[in-house]
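Shared between the two complexes below is chain A, which has chain B as its partner in the first and chain C in the second.
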Partner chain A sequence: MAKSNKMFADKAFELIKELERSSQTIPPFDDDGVRQVLEEIKAIFEENCAQAANYSTSGDRTLWPLLNFRHAALQRNKRCLLTYLYQRLLRIKALRWEFGPIIPEDIKTSLCEPEVNFFNTYSKSLASYMRSIGDGQGIDLTGDLRPPKSLYIEVRCIVDYGKFELEDGEVIYLKKNSQHYLPRAQVETLVRQGILQHIT
Partner chain B sequence: MFIQDLRQDFYNRLVGKRLLIIVNYDIDAICASKILQSLFKYDHMLYSVVPIMGLAGLQRAYNEHQGDVKFVLLINCGGCVDIVELLQPEEDVTFFICDAHRPLDVCNIYSDRQVCILGDPALEENIPAFESIFCQSEDEDSENDADDDVGNDSGAGGSDEEGSEKAQQPPAHKLSRLERHEQRIIKQRQRRTWENERDRIMFEYTQYSFYGRSTALTIFELAWKLSKDNMDLLWWAIVGLTEQLILGKIESSAYTLEIEHVQSHVSRLTNKTNDQSNTSASKINFENDLHLVLYRHWSVVESMRYSMYCACKMRLWTLRGEKRLHELLVEMGLPLVQARQMFSAMDLVLRQEFYKMLEKLAEKYGIPDIVYGSFTLNYGYRNRYAAADYVYGMLAILESVKKDKTPEDCFLEALDSLSRNHRDIMLEGIENAKLLLSSIFKQVQSSLEAHQVLSTGTFFYYILTEENTYFSYPYGLTLLAKFILNGHVAGSRSRQAPELPLIASCPVDVERGLCLLVGIPPVREDSPKNFFGKAFEQAASKCNAVILQDFFDSSLIQIRQNDMAKFLDALTVLLA
Partner chain C sequence: MSESDIIEPLSDSEHNGEYEDQVEEEELITAQKVLEIVETAWQNELCAPEILQHQADMLELMLGQVAHMEENMKDLDKNDFRFIVHQMELERIRYVIASYLRCRLQKIETFTRHILNEEESRDVSEKRLSAEESKYAQEYADNVEQYFQHVALQYMPNMQRAEAEQRIVRPNLLSHVFIKANVDVPAVVVGVDDEEVDLTAGSQHIIPYQLVSDLIHKNQAQLI
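Up next, the complex of A and B:
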């Protein structure tokens, strides 16, 4: 099974390294890689099975170390696969906090079916939790990921946006290259959309 | 209306309200707005800052925000025009004006509610009295009636109205027709003399344009009264004040008076923070400095050559001037190798003694005014800036308009460059300022050698025919024009030369044929008062040239290239 310079579980380890290296928010799910690892596991298992059967009939103990070694390789493959999936799940969770309940189209294509399902369920349970707290009104926990330093922020307008109404009825005309001092909570979305720029 | 108690009548009135701040494109205004912004931040007041360039920009900015804001603050703009007339605001909008441009428009001064000028009326010069320029509206009505009557009398068919008016008059007040006529004529004559007098007063008042107190300093004093001042705010105020000196907006005597106040603020704030200070904390020092541009960031030779004062006194663009500069360096004991490398890389001993050596020899080489009092900012272990360095750096940033960089971007960059955590922007600005200054010098050298400064007998003029990356902008052109005038006068044998002003022009938009035109007062005149604003206006109306007086600085105008010759002729006649 093992080729000249290839070890067991190389493929699985490659999967994790690939995930670690990628600079994207989440790289596409490596269907092919996962399948190859699964095949490897299957092959190892079948070989082990055959030899184990051989042992039970003949009682030949010489193959025992080999059996143990194969089993360890199989375990390692399994651990690597689980790590791969778990790390992706963590990233998907982070997605929910960053982008809200709807996955952006370009990211959606890199998720596999079960992952999308997981995202939806996670999103649902997060939403129901947020609704349950805060004295019946609910709190948007995703609003401030880091505790804000001040209630107001200084922003600079990067594009011509037009009028923007604050919660207290104050109307602000957002024009390119003007600078404003506004309540953080209300302009945060505009900052995320790239209309305003937060200046420090 | 003047507001003197800024804390009570300006700041406290605004707390909790939203404010629109309209800022002119100049360094003083940028510093002032920066100080204000940090004040407003402490009190969580909403504000919007809009940079504008010129009157049209002011109008546009106001119209866009119209209806949404009730309080508008104009920084270094709008003081010299009738704001209510220009913007036609709603009744409930209040304007606060903090403007260093003078003379202030009389309508702003005598507005009773809508326009508030931040400043002390005692500091203003000869504002015409209310009675001498405005007459009561009732008077005006009746006199208008009188005017009408006169018109009717001289006309043919005015008897109807004549009759009706007579009917209105009570019978007891019967006067003979002759007497009434006489009275009317007397009244009319009075009115005419009064009008002439008013025109004379107004002309005298608006004849010269000049600059008043630095806006940044005014705003800083507000911060001080609110006990919210700190080192950074003070530094920005100093930069604002220094700009006025460096660009020749105020006399050096006015500057000297102001720095005394500033110095007391410096020592107060230094003592306040003393207990927690260490060597790396920011510190402002008052010290005598040299009128050498950016010499802390440049080499001594280059800095001396590109400084206007030094270059003009020693005529450094000539071979003899160059020799004299070398003589000076020899006498100072400064080896050429050292003088040609960056100041910061010079030997420590030479660096420490540089100021003293130059001060000692200044008198001998005819450059006694090279010493002036200024401030330096220290922070960290390496960062040391003179206020003038900041001014030149910001100037270069403001002028660094490129294809993909609008003037607004430059404004915001200049605003950023004031904060200490954007040191890189300032350093880049200083590098650009070196390029600007050296290209000014080269331009001066080549134009003086080619005798491009021409005289009409009443003024000099100097016309650039090609668009230039440096001189197509107001600051660049003004600096160049000043340098050229001083250089030309220094090299001219004519006794009349120091008394003549200079007009310089440079195309800004070749396709549309537009030129920027700037007037510089004569060298001999001590005060920076500039009479060109009014003169341009009159010359243009005389020769029907279309000029665009859009800048808040009235000595800067835009004119069509085709009208230029006509306009200069008219100006020659006017100034003769």
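Up next, the complex of A and C:
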């Protein structure tokens, strides 16, 4: 069982550290790591079971501390693994607030299938909650993220976006490098998506 | 319709507070008052470690008012100074409402299981979550649980009930908060040794949240 100077739960802790260190929005799901941790958990558990069975037939208590130690390692493994998964979920949730109901293609490749399912369910239930507020009027909570300072903001267009219709029916052309003076509330989403840049 | 006709109800509701809105229980309440209640609720919610009583009724009134104002403003000249002021005010109100609801959602997502368990033991009149929020909380809890089951829990041997309990995240009710007393509150117990302090109206204190949570609920004090 003992390999070089590796300790129990090293791999699980590694998962968390990797996630913490990565500068990407979401690093790829570490399928292999997760599987290894699960295998370790299983291995420890089986070893413990075998020895516990031995203890209950013979009443030999010499292995008692070892059993306890293994149990602690088992718990730590579980905890680290769940932390890893949960931290990823938090980042996935942040995606919904930042990019809306569709995951950008380049990020999607980093997620595992259950995570995509989680995102879709989360997105759906958030959307139906937002629709139900205020007697069916609905509010988009992902807007109005910052306290409003002024009604209009100066924006520069970063990509060729094309036509954009304002609430009052006026249509403007968003061409690359053009600058506009527009109502903040209506262009906030475009700013967050990186199509427009807020300049001061 | 002349312009002053449109302006009148607007400015009344916003600034003089004379405009009165009919509430279900035949109770009269000004739009100004509603806004104050919503703002206080927002402030309390942002500062409190746990989720507070929902204000669905007040929010609904406020949203109705906002819609009403928007309707009135449609006919105004865009370059009118008053238009800009009103529009700005609307944006602020909208921000307060959105921020308030977001803050609650965040608490719901963090403490989902804990909140749901607590809600179950509460009477209908004392529920902290609105109907929509509890639906959302339930869906969220199921979603997370399903994900964990799918990816990890099902492969873990010998999962015990107690371990599911360990995974519940609870708010730290003993974290310190700033409060301001709205009215005189005599003999508030602070600390474990039954030490008592009289809060005078308008005074400010730093105190563990749990000791004053009932004052917040009774609106005798507010968080700042």
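Everything that follows uses one rule, which is that the second predicted complex is superposed on the first by the 168 of 200 C-alpha atoms of A that agree within 3 Å, B and C clash if a C-alpha of one lies under 4 Å from a C-alpha of the other, contacts with A are read in each partner's own complex, and residues count from 1 in each chain.
Just so it is clear, contacts are C-beta pairs under 8 Å (C-beta built on N, C-alpha and C of every residue); 3 or more make two chains touch, one makes a residue touch a chain.
Just so it is clear, the structure is predicted and the values come from calculations on it, not from any experiment.
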item: First, second, both or neither for A:V34, with chain B first and chain C second; value: second
item: Which of chain B and chain C A:T200 touches, first, second, both or neither; value: first
item: Chain C versus chain B, contacts on chain A by residue; value: C
item: Touched partner set for A:E154, first chain B, second chain C, both or neither; value: first
item: Partner chain in contact with A:G100 - chain B first, chain C second, else both or neither; value: neither
item: First (chain B), second (chain C), both or neither touched by A:K176; value: first
item: Doubly contacted chain A residues - partners chain C and chain B; value: 151
item: Complex contacts: residues of chain C adjacent to chain A; value: 59-60, 63-64, 67, 84, 87-88, 91-92, 94-95, 97-99, 101-102, 105, 109, 132-133, 135-136, 139-140, 143-144, 146-148, 150-152, 155-158, 163, 167
item: Of chain B, residues touching chain A in the complex; value: 18, 37, 40-41, 44-51, 64-65, 67-68, 406, 408-409, 411-412, 415-416, 421
item: Residues of chain A that touch chain B when the two form their complex; value: 151-152, 154, 156, 163, 170-173, 175-183, 199-200
item: Of all residues in chain A, those that touch chain C in their complex; value: 34, 38, 41-42, 45-46, 78, 81-82, 85, 89, 93, 112, 114-115, 117-118, 121-122, 125-126, 129, 132-135, 137, 139-141, 143-144, 146-148, 150-151, 184-185
